[in-house]
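The structure under discussion is supplied below as structure tokens; questions concerning it will follow.
Naming follows writing order (A, B and C), and every chain is counted from residue 1.
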Amino acid sequence: MDFIRKQAYLIDFTLSSLLRRKGKNLGLLLVYTLIVFLLASVMLFTHALRKEASIILQQSPEIIVQRLVAGRHALIPADYLEKIGQLRGVVSKRGRLWGYFYNPSVKANYTVMAPEHLELTTTEVVIGAGVARALGVGVGDYFTLRSDDGNTYSFQIKELLDEDSELVSSDLVLISEKAYRVITGIPEGQFTDIILSVRNPREVRKVAEKLTEKLPDIRPILREEILRTYDSIFSWRQGIVFVLLFGALMAFVIFAWDKASGLSAEEKREIGILKAVGWESGDVLRMKFWEGMIISLSAFMLGYLAAYLHVFYSSAVLFEPVLKGWATLYPQFRLTPFIDGLQLATLFFFTIFPYVVATIIPIWRASVTDPDAIMR
Amino acid sequence: MLITLTDINKVFNQGKHNEFQAIRDISLQIEAGKVTCIKGASGSGKTTLLSIIGCLSRPTSGRVTLDKEVLSGLPERFLTDIRRHTFGFVFQKFNLIQGLSVLENIMLPAYPLSLNHKALKTSAQQLIVHFGLDRVMHNPVEWLSGGESQRVAICRALINKPQILIADEPTANLDTRLSQEFMELIDELRKTGKTILITSHDPVVFDSPVVDRIVEMRDGQILES
Amino acid sequence: MLLNPAILALILVSAVITLMLMLASGFAIQLLMLWDIKSGSELQLRLERRTYLISVLLTWAFVSELISLILFVYNAESMSGQFVGAMCATGVLNVNAWGWPTLFLKISIFFSGATWLTFNYLDNQGFDYPLVRIKYFLLLLITPLVATEFYVQTRYFLEMNPDVITSCCGSLFSADAEGVAAEVSSLSPKAAVGVLYGSGFMVMLSGTWYLLRKNSALLFSVSSAVGFIAALMSIISYISLYIYEHPHHHCPFCILKSGHDYAGYALYVPLFLATSFALAAGVISACRKIPSLSASVEIYAPKLAFTALALFTIFYAIATWLVLRSSLTMESVWW
């Protein structure tokens, strides 16, 4: 109880002390907040993207079977579906048709696909929001694709893909299977790849193993591997940004050290007075520690809040280029907020921890000032 | 409270090229309940002596005893604790904290003692009223006159109810009238049983009838006791 | 892999803490050589002032070490998706030989730090700094521990290879796999119950004895340390099974997840705190013969012991409740 009361007195004095030196402390607060803002933005953004990606990927098939010829991805014959036969754990299997189309006029890569669940006539197309924006078209307008034999095929846009799925569907173009085969020249009896649904996640590996035994020229791509790779890449990208920001962090640490060491004559005098009237070195140390804590916590909260607003309400305008990738068809989307203890702890170690460490020695030096000096 | 100093020496910057002996072999007894004035020119070591008596610094050698307790060997932390409860300081330049009010300045020495806030405030207010500062209680100390500032400094020195009051050149920044008023305050305090130690080279102080004993210092030594 | 921010943070913090402790050790050596409480010289004064710096450095270092322990576990948890075969933190720790040692070192540092801080606090109550020499000597022992942790942790992270198949808690914590973790979980539930409540009984008994008779605090500390280890073993071989409601899921980390109502925290927090308080009580009580400290010891040791007992009670109560409320019944299988 005594301890709490004492801290309350010290905090009271600290607050009034901070307010008496608004200029210096405001400057420090600003820089500190900026650092927290930068780091928190990166973490929140990447984390949210990663979560988003994993949620979306939940709908992708557990196993994608691709055929390799001389180490390169090749078309897969439809009779492989029978060759796969009945594998325990496989709930369904089907062939997929999809590929990339480059449109030089907008310098964009489309992903063109024949969807399973959509009924399209040979002249209808469904496109993603990014494609629509890039071409400036909407429902009812016309969309063309150029085939390998030089012919141009026109489609009427039936609908645009849902905004909610923009993150993965932004560059998607969906046409009927027949239209796809005509444009690409892929004959009946061949697919781009085969997908399998496996109910029990523990059995996915086993199924993959058996597939490679049965069909030596295929490679199975597991959804869990994709998720793992995404995870890895996002972590890695985050890490790179942090490493780049290390310079900023060092500058901040030096700045903090400097501010803490550079006591004005007035501040030195105040500490001398405190010690002369009965404050012990430990009390002064604690008071200075609270000063640091108040500034740190304020900066942390303000910076984090600003980062939150930045990432989740303005879609992280500052970071898009680095973290999303190189595509010209940027999806527009709202991320779902995700916060967790890991983030906060990491952020704490990159901001408050260095600040405290940088200021320990200057604070100590200030606190052990000889009160004797003040009598002279 | 009887303060005894035995063979006190104080050396600054020991072992370095600018080594300086401020106090040489001083033995002294400060009587309880009396007003003692230490007289001497500047540089005579009286401020150093004061800070040793008041436990603000430690002697290089020698012993300081308070009643029977030896203080000189104590580490800073405990010295501070004893100092808080035993000594009240009034400094030459008052040394109030700018930006804080009169009330806050007075309460300041008691903060580390984690006393009940209400009780502390009441004690402070009692002192404020006693010393005629109630009208300026919430004013920032920058607005006060010299005399008012000094009274605030005295209140601050008294907040922890110390037995001994130490004042270093208290009248240096005051005119004659205020200096005399100051001595009247000292007289009042002496009558309440406090022990008072003043350093000064102001005749208003050392010639005052309030002073019971004069100790003269020169070059770090006592001339007469 | 190494560039994950949490990993960067952990390495950074470990490095800085090691440096802080090395700095403090440097001062400590100086202090041990030159300390003379009786002298009023400027040197002695400087040394006394140094003690404040060392206190602050170490307090901050140990608090950070605690947070880094928590971050380490969280991080292992969140990285489980990046390793084949790792279902949770356990799998991530198994990725190479340095994972579990890092965790154990962090836990040891936590307890060493708590003990040191206790010594420090007590020393400050005595006007002649009676524990100075012991304290700083202890510090010189803790510093290598911290440096080792830094080294081991860095190796762990550097040698992490996400493509390596690792065993997840299922195969590690199954009774026929090799290694310490497997042995622990192969404690039969009956044996685990015996170990848990047996050691618990010793802890409560020695603690109560101390509170009543004010002696044998050391016995209390030792039985608490044993109780701590016994508790961890029981969590793995017995309590976790009831929390997961699965007779073969032994992992000690999955209980920290939200899916299990964060039961892990309710178990680990009281357990760790209780053990540290009990150790502190023993440490403090050992100093009761020192004249300048005897008053403080009389006040604080019982308080610490009481708090430790209360927390242990909470731990055992929660552990028992978690088992009783579980839907898992192994009647006639285990009992």
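Some observations on this one:
Quick note on the criterion: a contact is a pair of C-beta atoms (placed from the backbone, for glycine too) under 8 Å apart; a residue touches a chain by one contact, two chains touch by 3 or more.
The shown structure was predicted, so the numbers you read here are calculated from the model rather than taken from an experiment.
A summary of chain positions shows that the Cα centroid lying nearest the centre of all protein Cα atoms is that of chain C.
When you average the Cα atoms of each chain and compare centres, the chain farthest from chain B turns out to be A. C-beta contact counts were set side by side for A-C and B-C; A-C has more. The distance from the centre of chain A to the centre of chain B, with each centre set as the mean of the Cα atoms, comes to 63 Å.
Centroids of chain A and chain C (each the mean of its C-alpha atoms) stand 34 Å apart. Distance between chain B and chain C, defined via averaged C-alpha coordinates, is recorded as 50 Å. Counting only residues that touch two or more partner chains, chain A has 281-282. Along chain B, residues 76-77 each make contact with two or more other chains.
Residue positions of chain C with contacts to 2 or more other chains are 49.
Of all the residues in chain B, the ones that touch chain C in their complex are 13-14, 58-61, 72-78. Contact residues on chain B toward chain A in their complex (touch as defined above): 47-48, 50-51, 56-57, 76-77, 80-81, 83-84, 89, 91-92, 95-100, 104, 108-109, 111-117, 156-157, 160, 168. Per the touch definition, chain A reaches chain B in the complex via residues 2-3, 5-6, 9-10, 13, 16, 20, 266, 269-270, 272-283, 370-372, 374-376. Chain contact summary for the complex, chain C toward chain A: residues 1-10, 12-13, 16, 20, 49, 52-53, 56-57, 60, 64, 67-68, 70-71, 74-75, 77-79, 81-84, 162. Chain C makes touch with chain B in their complex at residues 37-38, 40-42, 45, 48-49, 124, 127-129.
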